[in-house]
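Look at the two complexes coming up: subunit A is in both, with subunit B in one and subunit C in the other.
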Partner chain A sequence: MEIIEKIKTNKSIDNQTEIQKICLNKLQSSPLPNPKSEPWRLSNKSKFSDLLDYSLNEKDTKFDTPYPNTSQNIIRLVIGDNCQIKLIEENYSIKELSEDELVKYIKKQISCFDQNENWSELLNLSLSCKKNILGLKINGSKIPPIEIFSHASSNSLNAKTLVIFLEKNCDIDLLQVNLGKDNSSLSQSTFFCLEENCSVNHGVVSYGESKSNLLNSLNVIQEKNSEYNLGSLHFKFNYARFEISIKQSAGNAKTNIKGMQITKKDEQISTYTKIEFKGPNGFLDQINKSLADDKSHAIFEGSIIVPKIAQRTDASQLSRNLLLSNLAQIDTKPQLEIIADDVKCKHGATISQLNEEELFYMRTRGITLTEASKLQLSSYFQEIITFIPVSKDRWDLLDKLLNEN
Partner chain B sequence: MVNENLVKDVVKEPYKYGFVTDIETEKIAKGLNEDIIRLISQKKEEPKYLLDFRLKAFKKWQKMKEPDWAGLGYKQIDYQDIIYYSAPKQKEKISSLDEVDPKLLETFDKLGIPLTEQKKLTNVAVDAVFDSVSIATTFREELAQHGVIFCSISEAVKNHSNLIEQYLGTVVPASDNYFAALNSAVFSDGSFVYIPKGVTCPMDLSSYFRINSGDSGQFERTLIIAEESSSVSYLEGCTAPMFDTNTLHAAVVELIALDDASIKYSTVQNWYAGDEEGVGGIFNFVTKRGKCLGKRSKISWSQVETGSAITWKYPSCLLLGEESVGEFYSVALTNNLQQADTGTKMIHIGPKTKSTIVSKGISAGNSNNSYRGLVKMGTKATGSRNYSQCDSMLIGDQASANTFPYIKSQQPNSEIEHEASTCRISEDQLFYLQSRGIEFEEAVSMMVSGFCRDVFNQLPMEFAAEADKLLALKLEGSVG
Partner chain C sequence: MQSKMKELDPILEVENLSASTDNLPILKGVSLTVYPGEIHAIMGRNGCGKSTLSKIIAGHPSYNITDGDIKFLGENIKSQEPEERAQSGIFLGFQYPIEIPGVSNLEFLRVSTNARRKFLNKEELDTFDFEELVKEKLELVKMDHAFLSRSVNQGFSGGEKKRNEILQMALLEPKIAILDETDSGLDIDALRIVASGIKKISNSQTGVILITHYQRLLDEIKPNYVHVMSDGQIIKTGGSDLALELEKKGYEWTDNFIKEI
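Right after this comes the complex of A and B.
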């Protein structure tokens, strides 16, 4: 109940938005997620309570975006105080969602939320004040790539919400960057709605500093003939959860997901995905990679749900994991729940370490063990990193992963 | 679309083992309490340690909650409405099969398990369990010559008490889970096998479980101990009459393999599954676990699960000994309103341990068939390997097939591979076979049998043929 009390004392009831009130109300019946339920079973309890321990903060400290924007061709937005959406609206076919539209859309989403399964979203929405919710309506196809930042401030718990509505035939590249700070917690929820014939390349890159925590949820609804490609990378968090829920509302849509999480020291990072096919001819290709080193713990749980209506679904899910230390731990649980009979569904999972034969080969050619390992890791990382849009030229993610930690 | 009705017709075969044997039985009152447990123990003239074991288990069971994580939908079981001990009335001591009630022999004859001397299956020793007691064990003398002990667990309690005291409950502790605790408190009979050091059991051993009475549950317990360098192949079969009430079956099987020993445990489970409306059928909640204690020991589970209204069963291996091997081969077929949640657990504890999982699920009708498995590599399991393969075949668009593999690794120097796929009997394949003059039903059955081949290859010969036939019968009328 503590977190609810904290939100309530932080804000008088009159200051709360309608959405905050609804979500708080829903949370009251289950103030904390059920630790025995499947999505929370493996979550580290003390780390999770650390996440909730920081004081709530609606104000942003001064924030310098990393890698200054040198290119004119990229739109940059920062959720919160520094948001410059007005400037963008003038030049491109991007509109900020009106408050009514936003409330209507979010309310519709909340109505089908499950207290336990969507706990992270409910917390986020009950924390997010008006200025920390960014709602965009995008149309057209000649839109430059977009970068959207969410960031936390030191010693506080911040919440940011992003709602993106893509109108018919829209085609965009969007990179979301979630940045943690020293001793901070960030709650980020993203809602995507893709109308017919939309195509999105969505990137999510999240990294923190020491003792950063992240609760990241992504909710996607795809209409007919839409294509959603997600490339995600999470690393350097004391505790992070990435919850993905994708619904192909009428089937006939394509989803590609390539995600990766890297844990070191005593970090715990987990990814939960739930893909539902609500119509026929859906397509999914998903790969999730984890790397766990030192005393860390990486978790992946992915479920694919194919009801009777979703005939001719073609779905595949692969979980590949590297376990590099004796004290590290990996849990993975790919799941299939199928009722339709005319479907092609498969999943696979592997856990291993670096390939010894390949290492040996490289060493016989005079490459040191460290270099050889790096080479192997870089090929392991590349598959995911090259799938993350916008970042390729500017973010140097590979270098960050190989050298910074 | 293939003619759905045609295929549906193929799976409808009446349950041919559904008859009831009219025999006088001795039953105790319904309900479960300490007095009932004392009564069962007294009836079986058990030593005190066993009564204490039962009472302790009962106390634990009372504090436990029935598990609901498998998501099986079945009507609540009233544990006070079950008879926990039911035995056919017979003379005090039977010295030979001639003294067994002919009706009982006839029952087993009808089931294809002849117990009489003339008709004994060659090279298979059978322990026949009827409701709560074992009525006969064949080939005992021959086995005794090799030092092999094969008898009912009640007899073992009397004659080999030291072994029972040493091993009972060491693999599946009384508090392991709700149904294991219940079984530990009220188990009535079952089989006991002891293979001495260096002995390869000269014939396959087999237990046949028959539930006859509609209101009593069956709670058997099997314990198999394979000493150093010994090996045994054990077969288990089960049937029950058709009642429109549900009968509870909660068994526990414990296997122990010491250095270089090998145990092969095969099951063809064909309990009554209920009718097309889902009325009646056995609730089958079974805990089966093997402990590879010794170095290079091996435990192999193979099962063909076709019966039961509810199946909740996860034969597992604890791989403790260095280089020990665990295997699990399973075919689970569900039809009509059957629900099966089955799979395995491979817990790698010792170094260089290996495990293989091959699971084939076939769902037809409105049934629900899930694979649920765990592969765990502990911190000391260096150089260990696991390979799992789970395939599902869906017949018709009303059945569901789910896969829930849990994979956990704490050892970098180990490898785990898992793959799962889903398919159906395709129109093209059926057309191809039919165009070669193969009858529709036969074509379906050929394809199902091909789908299950990896598992059938692992079954002992008598079982493999039986399993193949069983699947064909069960599937009659369901392919779509």
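Right after this comes the complex of A and C.
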């Protein structure tokens, strides 16, 4: 009950938005996720309570720029106090959603929420005040790449929400960057709606500092003939969850996902994905990679749901994992729920260590064990990193992973 | 010629070397000395310990040396890491070169070459300078420039992999090259290219150990010594004629030598 009390103490009922009231009400009956339920059973309880321990903060501290400078060819938005959306609206076919549109859309989403499965979204929407919700309606195909930032402040729990409507035939590259701060928690929820014939290359890069925590949820609805490509990377968090829910509302759509999480020290990072095909001829190609070192714990649970209506679905889910230490732990569970009988679905998981024969080969060429390991890791990372839009040209993620992390 | 070589200090001295893996003895007292300018061939049945000997000299971590020493340029290298041995001039050409997906051949060759150059106190090469050097070396093994942009050995044919090994040898300019069945899987033309590459790279200051099953490589590169291995030991050493005799009589002929030991 503590988190709800905290929200109520922080903000009187008169100052709460309609969405906040609805979500708080829903949370009352389920103030914390059920620790025995599938999506939460492996979650580290003490780390999760650390996440909720910080005081709520609706204000943003000064935002330093630990990322590449902005450029004329990039649209950059920061959710919260410093959002420059008005300037963007003048130059591009991007409009901010009106409050009515936002409320209507979010209410519709909430009505389908499961208390336990969507606990992170309910918490986020209970916490997010008006200025920390950014809603965009994007039209057209000549939009420059977009970078959207969410960031936490030290010693606080911040919540940011992003809602994006892509109108018919829209084609965009969007990179979302979630930044943790020292001793902070960030709750980020993103809602994406792709109308017919839309195509999106969506990148999600989340990284923290010492003792950063993250609850990151992504909710995508794809209409027919849309293509959604997601490349994601999560690293350097004390505790992080990335929950992805994608619905192909009428089938006949394409989804490609390449995600990676890297854990070190005693960190725990988990990814949960649920892909539902609500019509025929859907396509999914998903790879999730985890790399766990030291005493850390990486978790992947993925489910693909193919009901009877989703005939001729072609779906593949692969979990590939690298365990770099005897004390590290990886849990992976790719799973299929298939009712339709005319489908092509496969899933699999591998857990391995760095290939010793490859390492020896490189060492016999004078390359040190450290460098040889880096070369191997870089090839492991490349498959995911090159799939993250915008970043490949501007962000040296590989260098960050190999040399800073 | 032989006495002239022996006036110089040996490059490699393997002294009474015994080694095991998973408590299974593989080498049982191997001794071998290579002087500058010498070419040695090691022949023997499958499983006799030829490849193990080459891997142990290169520092493979899976083997445990139970007795004996390995000296390179007078220094005992038993405790050295594989990369230290490679940087100081020991080259192992693999029987089955390893594929490394996602690592570009060019970058791999550049990092390797610079590691060796650093040891030799030579200036490290940037990408541009390295391209110039590698272009010249590609000629030696008649390899196309396109191989450089591919992942290390990935999708290479057997012959291409072996040529890539010789390209690495050419770039690293080792003091001693141990070539483990470099001739296996090669057609006649590829064998000639590889053999010609080896001959051009080796000189009066370097040593070569050829591990092979067949005379055909030794027709191209004439060894000074031929050693026959059996059950983890060198059971006979002779000149290049020994290989011809083996070709005629087969390994059964060498079984008599084991009885003599």
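A few notes on this one:
Basically, the second predicted complex is superposed on the first by the 402 of 405 C-alpha atoms of A that agree within 3 Å, B and C clash if a C-alpha of one lies under 4 Å from a C-alpha of the other, contacts with A are read in each partner's own complex, and residues count from 1 in each chain.
Basically, contacts are C-beta pairs under 8 Å (C-beta built on N, C-alpha and C of every residue); 3 or more make two chains touch, one makes a residue touch a chain.
No experiment lies behind these values; they were computed from the predicted model shown.
Comparing subunit B with subunit C, more residues of subunit A are touched by B. Residue contacts after overlaying the shared chain place A:25 against neither subunit B nor subunit C.
In the superposition on chain A, A:37 contacts neither subunit B nor subunit C. When the two complexes are overlaid on their common chain A, residue A:141 makes contact with neither subunit B nor subunit C.
When both complexes are overlaid on chain A, the residue A:321 reaches subunit B alone and has no touch with subunit C. By the touch criterion stated above, A:369 is placed in contact with subunit C alone, subunit B being left untouched. Contact with subunit B, but none with subunit C, is seen for A:311 once the two complexes are overlaid on the shared chain.
Legend: residue contacts after superposition of the two complexes on their common chain; A:335 is shown touching subunit B, with no touch to subunit C. According to the touch criterion, subunit A has no shared surface contacted by subunit B in one complex and subunit C in the other. Touching subunit A in their complex are the following residues of subunit B: 377, 379, 392, 394-424, 480. The residues of subunit A lying in touch with subunit B in their complex are 308, 311, 321, 323-353. Within the complex, the subunit A residues that touch subunit C are 356-358, 360-369, 371-372, 375-376, 378-380, 382-383. Residues 58-62, 81-83, 85-87, 91-92, 94, 97-98, 100-103, 107-108, 111-112, 115-116, 119, 151, 168, 172 of subunit C touch subunit A in their complex.
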